[in-house]
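Following this line, the structures themselves.
Two complexes come next, and they have one chain in common, chain A, joined by chain B in the first and chain C in the second.
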Partner chain A sequence: MGISETYTRGRELAVERPFVLVVAAVLALLGFDVVRQLATPGGLSTARLATYLWDGLVVGLSIGLAGVGLSMTYSILNFANFGHGDYVTSGAFAGWAVTWLFAGAGQFDLSTLLFIGSLSTTDLGVSILSTPLAIVVGLVVAAAAAIVLSLAIDRVVYRPMRDQEGIALLIASIGVALALRYTIYIVFGQRTRGLTDAQSVPELALPVGGGQTLAIGGHEVTLVVVAATLMLGVHLLLQTTKLGKAMRAMADNEDLARVTGIPTERVVRFTWIIGGGLAGAGGFLIALERGAMNFQFGWVLLLLIFAAVILGGIGSIYGAMFGGVTMGLAQNLSLVWIPSEFSTVAAFGVMIFVLLFKPEGLFSGVTTA
Partner chain B sequence: MSGEADHREPAERSAEAAGDGADAAAGDAVADDAATGAVRAADAALPEESLLRVRDLDAGYGDLQILTSVDMDVGDGEYVTIVGPNGAGKSTVMKSVFGLTTYMGGTVEFDGETIHGRSPDEIIHEGIGYVPQNENVFESLTVRENLEMGAYILDEVPEDQIEWVYERFPILRERSDQRAGTMSGGQRQMLAMGRALMLDPDLLLLDEPSAGLAPDLVQEMFDRIDRINDDGTAVLMVEQNAKQALRRCDRGYVLVNGENAYVDTGDALLADEQVRKDFLGG
Partner chain C sequence: MSSPTETADASAATGAGDGREIPGWTPYRAWFRDQWAQGGAVAWGTALGHLFVGLVAFALVVGFDVGSLPIGGSLVWFVYLSLTVVVLYAATAPPAEPYVAWLDDRWMESDTDKLLIILGHVVAVFFLFAVALGLPFNGLAGALGSVFFFTAVYAMMVLALNLHWGYAGIFNIGIAGFMAVGVYVMAILSTPVDAGPTGVPGLGLPLPIGILGGVVAAAVVGLVAALPALRLRADYFAIVTVALSEIIRLSLNSRVLQEFTVAGVTTGTGGATGKTMPGNPIRLLFYESFDPGAGPALLGSVLFPVFEGLRVQLIPPNSFLVGVVPLPAFTLDLAVEPPVIVNWAYVAVLVGAVALFYVLLVRTGNSPFGRVLKAIREDEVVAKSLGKDTNRFKIVAFMFGCGLMGLGGILWQGSQGFANPNAFRPIITFYIWVALIIGGAGSNTGSVLGGALFAGLIWEGPVYVRRVVTNYVELGGTPGTFPAAVGPFVEGEVLPFLAYMLGNISALRFVLVGVILVALMQTRPEGLLGHRKEEAAAIPLGRPTERAGGEGGTPRPTRSRTGATARRG
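Then we have the complex of A and B:
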């Protein structure tokens, strides 16, 4: 192991995998600049940097959680489900209607609560600390509603087209997306509504050194904890249970799964159950963290979800998680250098940059399903 | 041609087959002979009782018919090979037995039960295992997970059966946590067989098990199939390595243009001049 050998290996790396070198160089440069800015008096404070990182993680996990379902349905049913964003919205609306009902029953008009209508969110006072039960029940209902919805839509729309090409299914899913979105619009209206009582949300102050603190919202913590738990759950399901292994097997090779005796329709059903459940739970948590939602927030989010899923390698659930967090961090860390109006540009810039060098996405071919 | 009628006059038909065989020249002519005589040569070699019994089977894909009136028998514990030129429908016979083609007529019976028209996941319950030619392992799953999938229809993972497979294919034990996609062609073939053996089937269908293997591995693969057969599992195999396969099997079928052409013991087919000339490269 001499210098020349090291040199040769380095040269091979540079020739065969220039991507790794470019990324390393860019990251090193940015990292160096962050250190420089931190060291500059009056420059970037550690508290601000910590806030960016934390916000990036929160946004990233919420995108990732919604993305897991999208990636699963892609890998097992072989189509990009454009209705996924509206499963997110539907779950959120169902969940929040129930949360409001739980929190405000007796004090407010039932139909106002059920249709998440106009009332003072301060008076209703929904938050994870003041009305934890209502939030938990709402979360469960959000997941359950999205599951029922995705199973019903599969039965009515996708199952009769099971043998069709991915493009036909994709177009059908756009129709499903529109139908869902405007059903919500008709039932709940187009108003962006506040959901939680911002005043009663507890905040945690974490010391980050230099006498500075990072303020962490209770709803952000809820999102991070629940999202991380659910993702861990999906991981364990896929790796250790018979059903999870069958899902991976079917994503890998559907024909072989069939001749092996794996009941493929049952696996499809469970894929919708898990994917739909995560979409609904994700929608509820995103609305909880933001404290507000409207009838098309899932649809707007879908672009970011797709970006994250493609970045991670479509079809890989680990790619969806990783892609989501990458997008979230890129969006927020970019604030160190550029104004916030451009942060989404930065996130998509990172995606395009990665795809230029690894068009199949980061995790594709490494871990499917 | 009726399979029933064939059974009655083996001696006469053998003679007929010999006569026809001498005259036949081109492949098409051989196929025609099949209908009239050559196939009867083997009646003496037919198993007394068939585990798998295919009669007058017509099958194909969608509207396209591939098999015409195919007869085939596999006795309990028998080792049967199907050979023939490319496009003769060899794999289609196997897929038809396993319910993967469009059924168009005739009967397929297994262990006395009619199985034609049933789906693979039903047929697998009857005790038939199938190893496809290509993409026959789950690449992103580990070796052990592939074996577990082979026993999906059971309520619990049959540890003793995994152990049984490991004993026959020790390399799989060594690689049990490795992803199947990272293994060599020969190892994948072993894994594919191991997966199909997880339910301890009475009949194993093998579609070109030696395809794409290096020559020394081909020998090893055939040895392993012998062992599986020695353990009592009947084998129905399609093979490109026709001579090798016929040398080892109990009985062989020659299929041409989706029809039976010859059937006899492996050795008899190897000795048959016409078969050698037309199908075995002289």
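Then we have the complex of A and C:
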């Protein structure tokens, strides 16, 4: 009885959802291969694997942080916002301008600082240990600037188009993305600029067995801590406040929400505030972790953010976080097998693969919670 | 409606016309309108007469100095021309009205007229640019050749996209990827086996086979993308296509595929450095070989000397008007250099290709197949419940469009002798979308017009504006950074700021594209001709209405505007 039941269930699974089995098989195969490579002398070292995992986590959290906002606007306003990546960039530039101003005021020319011009990052010496205040202020300003920007753009661009369908808004958001990105280009220039003083950032060395260590940068820790805190905050906000309930209602059925007396415009405004704020903070932290940025890093990141959000299921902030970490891990762990040039390709591949077989995403059904 | 300057003119004319109280003006206006209304030779004679009067008046004022300048000399020539235009405008202010009316009239007339109006205005604008820059005729021909090149390639790409979005409602933002597949497969198939020390060898097949291979490959990649992905929602599908195009670009960019050997054949993508494309066969019509120093052959040996010596001496030296007034020597310089001629020949080929695309798409759109596509665009569930296998239709349409995108890519990026993966960034996809939206999704004529407007006014226009401004305004040094440009601006000095902005004109162009995209989506999402979006029916669906003053008062069904024009595509 027990055996035949198991057999029937197994058969059902194989017939109805062969995809699950294939994925399980592929993952098992990859896992086995990792173990084999670890066991082979001179093959993959534990430290390298740990580095891949840690880097994957860091990249994944930054993608997830930026993705939460995208996911929220996607589910509540019903369009894929292609401008989100440039909100990330704008927030980062605003935040870093202020961070530099705080760190270098009095020492350097003000306009050079404010426009993140060319000066030696070693002399400026920005890092989480040496100038914590500047970084905190920068983080706040980054979030605030992105909030103001997204509210202003919503007022000018999206609000007159509220009744249009998603594709029209999507096309408009592409226009917003172009205009924003190249405005930043004109104001700040096109070069990739160094931001932090890499030397003064402390590195922790964690033993990972076999006498090897994993180096963890202070800025990476900052990103992980702040990202986790912010995500927890958003979670609490959405779960415990009336606003969160209103957002979930609106994501579910906008007309019904309005009939029930939910002030939908105000919910939309709060959506932009949370989404924009997270985008700006995310951009600032990503630039902090990388120690450099240019005018299009948000745009380059956007496809990965989309991938993460879709992977997790649009509208679910846990989905966005989970999807982000999956993307980061896929991107970094793929380095075990393929050259680094293809790591982004691998991440996109994972996204397309998931979309094809589970179009609603992994956390489907859970919207804005 | 056709160009911003024109509508501005029209509003200026009506605005100024109301408050003007010059004695004799009103009868003059009435007279002019009468003349104009007669149409034909009388109207044109009146207009040209005004032009001539303006010209003579100005020539008298300036004192015949003009001709001693080389054509388009510089500021004086430009001032002369602008003044002539102003004199003409002032003398014929009422004609602005008939002109706009005439434009409106022609605009409604036929699609050829729409195309001619747009292209005519683009040519006129670039003629002004050329005159302002003091370009010789060769320069004007070169500039127009480049504008028409972009017009044609954008028209082709937009037509292909129109099949996806305008007909079938498939939201494809991975155009760059399909172009790249077409171009690279063509190049790999047709590059000679012995590609020299720096080049990457190919298979050495004849070019037509290479092009066919590229088109088929693009269609097959379309199939691979469409088979599973068309089940997705439109926005998911969009993200899959853009991710696919990035996957293709990153793969082309990688070092691994730069040069590889499969089954004993060595070939590759050339990686980030790019790949040499097979020579453009049009060149062989004019030159003996693809080498830079090759001698002229066939057409070249006939046409080059003819066009190089094309100078007409209108006023020989030492001539006098009526034997008294001395006239300056004046030679009309129409010489054209060989490279420009070759470019124009290729543009002619592209125009043929655009015509081919157009006919193909109009026929497709009007076929039963196209009707099903339109039905899918309107409501897929309905189409499905009428027994149509919508997925199959969508896949075929998607493959067809992707193949055309591959062909368009080959004719565009593959014709320039060299291509690298950077040419296939997602941005190029969005350009094509902007052009489609300007023209109006769903209309094939609109697609071509959108391509022309985008290429002429948004793509090439700003560059010439910069050249014209830098030609006349002594800008001084361009500031290196934004604060260095804004600082003086705050203190009242405009020039450094202007110089900085003009130096960044290519970035400004992107901002312009973005703003136009937003403005169009807000105010006119249907674009120039999108209101003609074809209905998914073989017969007009307009509500039968009683025509005002219909014959004998009998109710008579008239076709709605969309219905009436639907047949034209």
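Just so we're on the same page, the second predicted complex is superposed on the first by the 364 of 369 C-alpha atoms of A that agree within 3 Å, B and C clash if a C-alpha of one lies under 4 Å from a C-alpha of the other, contacts with A are read in each partner's own complex, and residues count from 1 in each chain.
Please note the rule applied: a contact is a pair of C-beta atoms (placed from the backbone, for glycine too) under 8 Å apart; a residue touches a chain by one contact, two chains touch by 3 or more.
Model, not experiment: these values are computed from the prediction.
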Exercise. With everything superposed onto chain A, say whether chain B and chain C fit together or clash.
Key: fit
Quiz item: Thinking of the overlay built on chain A, is A:245 touched by chain B (first), by chain C (second), by both, or by neither?
Solution: first
Exercise. Go through the superposed model and pick first if A:189 touches only chain B, second if only chain C, both, or neither.
Key: second
Exercise. Return the chain, chain B or chain C, that is in touch with more residues of chain A.
Key: C
Quiz item: Which partner does A:348 contact after superposing on A: first (chain B), second (chain C), both, neither?
Solution: second
Quiz item: Now for A:51: first (chain B), second (chain C), both, or neither, which partner does it touch?
Solution: neither
Quiz prompt | Touched partner set for A:213, first chain B, second chain C, both or neither | solution = neither
Exercise. Quick one: minimum Cα-Cα distance, chain B versus chain C, in the superposed arrangement, integer Å.
Key: 16
Quiz prompt | Footprint overlap on chain A, comparing chain B with chain C | solution = none
Self-check item: chain C partner contacts - residues on chain A that touch it in the complex
Solution: 79-80, 111-112, 114-115, 117, 157, 160-161, 164, 166-172, 174-183, 185-189, 303, 306-307, 310, 339, 341-342, 344-345, 348-349, 351-352, 355-356, 359
Exercise. Going by the contact rule at the top, pick out the chain A residues touching chain B in the complex.
Key: 242, 245-246, 248-249, 251-253, 255-263, 367-369
Quiz item: For the complex, which residues does chain C have touching chain A?
Solution: 171, 228-229, 231-236, 238-240, 242-244, 246-247, 250-251, 253-256, 427, 430, 433, 437, 481-483, 487, 501, 504, 507-508, 510-511, 513-518, 521-522, 525
Practice problem: Mind listing the chain B positions that touch chain A in their complex? | Solution: 98, 100, 120-121, 124-125, 130, 132, 135-141, 145, 148-150, 152-153, 157, 195, 199
